[in-house]
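Per-chain numbering from 1; labels A, B and C assigned in written order.
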């Protein structure tokens, strides 16, 4: 079972690793953690408490907490989009928290909403017609092996991360690993 | 040569990266570091100073410091099983250190002990009969490429980690990367 | 466009993740960040401000900031070769900064210089003879998939890192991942 304590422990461990802090406003922090718990219970993964998830894992992947945009936002604005993770100067009240623009690409937002509404229609049709045979088929994204040309870090994703978590190289430093196979006759 | 200083430097670097602290009890810390040094000298790897190693790398892998269980234990109890790595609140004396249950699966414990005793018998037989030809054959574990479905982190291991070191997703978020090869005739 | 602010943000994010600090000498730090910016503009990557880069990515890869040698140097001497990243005790002035010997292998230094001068000659010949058709061909290094035998961390590099960024295992813990393919007739 998912407890609020486990949700908090995960967020704290994540903050410790990246040298971030959780939001110093105790009530606000509590509401964010409760949002994460609700999403984990509803979808099976803790998607961002301040964004609308589609409920389809592959389309929500980039907004599962910590979202793909967090590290860029904390570096640039001192906090992630939600305000869950903040930089030390913001935590200490030395830098005021400013509004953070949504960095999630519009096409990912649209893709998620489009898929989400189709799933809703699909589910509605199924429940009206016959008992559902299996789960609505989850879309499969084409994943690739990417590596950071600077430090060699390897990920298996649809697209490379915005920042290398190991050496902080920018996204442009990632390239695809291709497997070559030659049969010589 | 392995010096106590190198052992300490490695532990400190590891603590810094994850935002942990080394045990504040100077004498206790010293004894743990000496235990790590002894194991590194004896086995060639710094296995956990508070667990019995088999001396067979593949069977001890999960208890090489930092062990596979550390991050879960620090998150839940504020310290790893040994007490080498502690959370800031424990370091500052704000949270008392509590006993930490052994999280290592029983089957891994048994596997290591069984293999260890067989090796001992094997070694004894060899030294009684003839001069040993080569090292007791090390067991080969079947390793797989796993990836974290949330952030894409890739590992090559027998089984996935309990927590993704990059995004802190739980073990269930890991899936196997399979290589498909199609020859069409 | 590359701003000094972006260069600073990247360095700060990197320091936070590894629990390092940026050099406390504000003017010295500023000059290092400006050096990184200059290199990023000149070469397309932020190579070490205190080492001579060849301008050829594959030959400079190990000295792109954070360089391959940083973590060993911070652990052993309290600072990286440049003094950009320092340990907390150095940041707080508790430990004096000492001179740090160059850890970059001589063969990598020589390889870069040799290639660099050849490129210069090549460029000079080209510009004297005819308009250059394409960029001087970049050398291709043979990269391999390596994994840390201790934690399973995977990298795609010419050679393994000196320290595993995930578990801090030493370089000797890295081994190559080989793909076996069997066709049975």
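The rule is simple: a contact is a pair of C-beta atoms (placed from the backbone, for glycine too) under 8 Å apart; a residue touches a chain by one contact, two chains touch by 3 or more.
Because the structure is a prediction, the values reported are computed rather than measured.
As for how the two copies subunit A and subunit C face one another, under half of their interface residue numbers coincide. Superposing the C-alpha atoms of subunit B onto those of subunit C requires a rotation of 120 degrees, given to the nearest 5. Centroid to centroid, with C-alpha atoms defining each point, subunit A and subunit C lie 29 Å apart. In subunit A, 17, 19, 145, 154, 165, 179, 181 are the positions where the chain touches two or more neighbouring chains simultaneously. The part of subunit B that touches subunit A in the complex is made up of residues 17-20, 71, 74-76, 87, 145, 147, 149-154, 163, 165-170, 173, 177, 179, 181.
Remark: subunit B residues 9-10, 12-17, 19, 45, 57, 61, 64, 66, 143, 145-146, 154-157, 161, 165, 179, 181 touch subunit C in the complex.
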